[in-house]
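First up is the structure itself, then whatever we jot down about it.
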């Protein structure tokens, strides 16, 4: 089954107003282009789930797409603040459901594994459970490690996004998604969701994927749509394809600090482009892609082996 | 009974010159039950044949997932185990077992799974652990493996039993390895699926819709030449018989040709 | 730090009498050679933890190394019985702690994650919790999915082996272990353990490993010893190196059924060989390795990319 | 005080012709504290420099683990983020984040971790979430990220603060993001580690052995030219001062040379 489609169709089909949308990719392979298309299609009232809500989340908030953010680190990487997110949280006009990196990971794990809760050794003594009533305690049914009192640990509830959108280096048409470099939390976020969209740098032949099945981070059975979108993770990076645009991360602190400048940026780069191809062409003009181009560092090939005889060994 | 599938429409009459073996019958009957399914969790042997046949007939695009972690296998040879090297080379994905069991199986992505067992009871509870008491068994069997999680998490379960006899179809299990949903709910569980909905044996087909509490397996079809009484005599409990008892359609020429020529030409599992 | 050593030294150092030893590898990459060396060194009173105790476990039991087996599937694959294990369990002379595949996976997960318990949706209504008091229930602290009664789920306790031994295709001298094909539960079993030994088909140069970091299933920080031992997984297989010896699996049903024949087999093939190299040479004589040889099926190479400029992009 | 490390023995007197900057001092002092450590969890910036320097001096073989999943990085360039592409190419392993946080960090394999914070109190509890009330903050900060799990699971925690002032060293946190072991135990937790054992600032070093309840951070060393009173004035609580207050040894020539020529020649973090 061929699941390839356009970004526009994938967003129209899988992201409805009011939906819970997970956008995952930890620093690497952030699905920015998908976020931009959500802005272009003027979705409203979304709950955005993202371990590290960053630039694309800030842009979606500024474009009035977002009612609520679920996350663990709401910063512009180490390059300053997310201006719009800060303004709205400080003004009390954006709902924030906050835990921690591992808390988010465990929420995806619980979602993917259809568990009512997932235990972790965080939060004891933290103020986070006070502001997030989802962080609760469970008492172990086993004696403590010293044979004494049973331990109690915090647990987090599952998250089940309506759709998870990830970016990846490549996929086949059926939706077998291959990722290398940082693989983050993408597989768990996909399995936790009702639907999943994979945006990829390249759609490749089945034979490419099947030559290296261990490279498949998400199998086709968990993917609903495949969208080819080169440079779709900018300003984040795609290992082996293009580098991170650190200069843009630094610039975002300034752009987002000023609501007018932020609005103008959105008008020019997102609402003013028809699709990501236009955005890419626009950035090409100032040499972005030359600046972010990378050289080659091949992985080398391993051998999966092939049975030589007809009969079983 | 609405879910008892007819053979594919294009099926011609049986090739009486070379009649179907019991294995071929079981494989063909099981394959028809897979119509409309998308994700199958299967072991090796007859289930492999049934799934391969279904993929070529009633359920194109059907995907087998193996508990070893293989998804989308394209084997060069008929696999001998669920972890056969030929399942890995050329596969679409190989998942770590924690992901396979956690995300795919417990995650609720399996429509139907095949299980075997040494004993089955009227509710489709299964024993694959011991004959006799667990503490000092007369026969120690391999045990659950993944069967208890398959039963708890697959949408429904098909059981293929090559030999229908009272030692296997018992009133009381010696040990319940893999409980059906009734037993699970009585213990506070919330099973995802409907438990065993089909038991395909050398004599016929037992069915449960799997949507009511206390629902028993019922004889819904007998193979050609088999009577309901013979099946009841081979069953260790007072087996219910459907009012509209069907006779299974034997394998069609197309089904036999696919099994014999394309799927298992060396008759590894068609023994 | 160079962690390479001989099998003999690794077993002498990390497997003490009475230890809890996990041997992992699901069908693929079973650390048979390590089990044989444990037999040669006449260890006693071991608790063997293995998701699928199979031929090598049966051999260790027959050699009187094992007091207890912790596992989920005690069969000779689909090729019949493990004769010695069956005899002893049926006679009540071998302790068996039994759960299920996912139960074992979750016990390793709990061990690796230092959790007091790990929840799973198995066991409700099964007789397994009756014979394994380690399988207990926990009530979720959240309302049920329908807003009603909180769910209850079973949990399993962690397992913390004294040592986990795995087999793999290759490692560097520091102990970065690379596996392809079925990766099973090896990483979790290693992280759950106090110590870990990696037996590998080949020790390779650092550069080979570092060319493809995503292929590393277990990083060096979790490995104490690296043992080069070609064909060390026989009769199981090593993807791309040699095929599974299905004929031997079938033969084992017969060998193990007869205690005298089993004893003679151990004498000849394990106690009668000084090390695995001798075992390999012995099997070469009857053409085993020719029969199990595999052809080539290369994975192809992917590109990790290399920064081209000195400055940050 | 036994754990306050002297500089490496081969250290020559400071190169007064080109005196150490504050960053160089912080990096050198922090690096000495890493003697004997094996596994460090670190972010980017000064911790990177400290760990790199320690690897070349007091702790050969020291391994940094990044929360992005990278183990055994061999970067071609100084990384700008914990997920920089140059950390991945040529690395020994890249773990999925669930494994990194679950098996490596929570699994208890980290000896020491570096954390930053907006506020720290006398027990080493940290706030990286908000200034003002959480519900309507005066300043919304990035939040925990992985800090709460690092504090709960690392053997001990070093905090580097470039600016020692009463706005950061507070009597009462506005919000406790990452609690030390006392707070964790009071809430029924069993933290693995000792919490914050070193706070390295532009003025000196605050220490906790981290093995007793209610134990406070104590000023154990001041940088050359800094008095205990100045540090106390820059601290928002009544800071204890060690009887045997030390003066930190400034960076040695060797340390400076390594930092300036080998580790950060472009002065990316040595700003």
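As written, the chains take the letters A, B, C and D, and residue 1 is the first residue of each chain.
By definition in this document, contacts are C-beta pairs under 8 Å (C-beta built on N, C-alpha and C of every residue); 3 or more make two chains touch, one makes a residue touch a chain.
Here's who's who by UniProt: A, C = 3-oxoadipate--succinyl-CoA transferase subunit A; B, D = 3-oxoadipate--succinyl-CoA transferase subunit B.
Everything numeric here is computed off the predicted structure, so don't read it as measured data.
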Selected pair, greater C-beta contact count between A-B and B-C: B-C
Distance between the centres, which are taken as Cα means, of chain D and chain A, whole angstrom: 29
Where chain A and chain B are represented by their mean Cα positions, the distance between them in whole Å: 39
Centre-to-centre distance between chain C and chain A (centres being mean Cα positions), rounded to whole Å: 34
For chain C, residues contacting two or more additional chains: 109, 114-115, 120-121, 137, 144, 151, 153, 181, 183, 187-188, 211, 214, 239, 243-244, 246, 294, 297, 304-307, 312
Interface hub residues of chain B, defined as touching at least two other chains: 70, 80, 85, 88-90, 94, 102, 106, 153, 192
Chains grouped in pairs wherever the two touch, ordered by label: A-B, A-C, A-D, B-C, C-D
Complex contact set, residues of chain A against chain B: 1, 109, 112-115, 172, 174, 176, 187-188, 191, 206, 209-211, 213-214, 216, 218-222, 304-307, 310-312
In the complex, chain C residues that touch chain B: 26-28, 52, 71-75, 77-78, 85-86, 89-90, 92, 98-103, 105, 109, 120-128, 131, 137, 144, 151-153, 181-185, 187-188, 237, 239, 243-244, 246, 294, 297
Chain A-touching residues of chain B, taken from the complex the two chains share: 38-39, 61, 63, 65, 70-72, 74, 76-77, 80, 85-86, 88-95, 99, 102-104, 106-109, 153, 192, 266, 268
List of chain A residues in touch with chain C within their complex: 113-121, 136-138, 140-142, 144-145, 150-151, 153, 155, 157, 169, 178, 180-181, 183, 208, 211-212, 214-215, 239-241, 243-247, 291-309, 312-313
Touching residues on chain D, where the partner in the complex is chain A: 43-45, 67-70, 80-85, 88-90, 94, 96-98, 101-102, 105-106, 125, 129, 134-149, 152-153, 175-180, 182-192
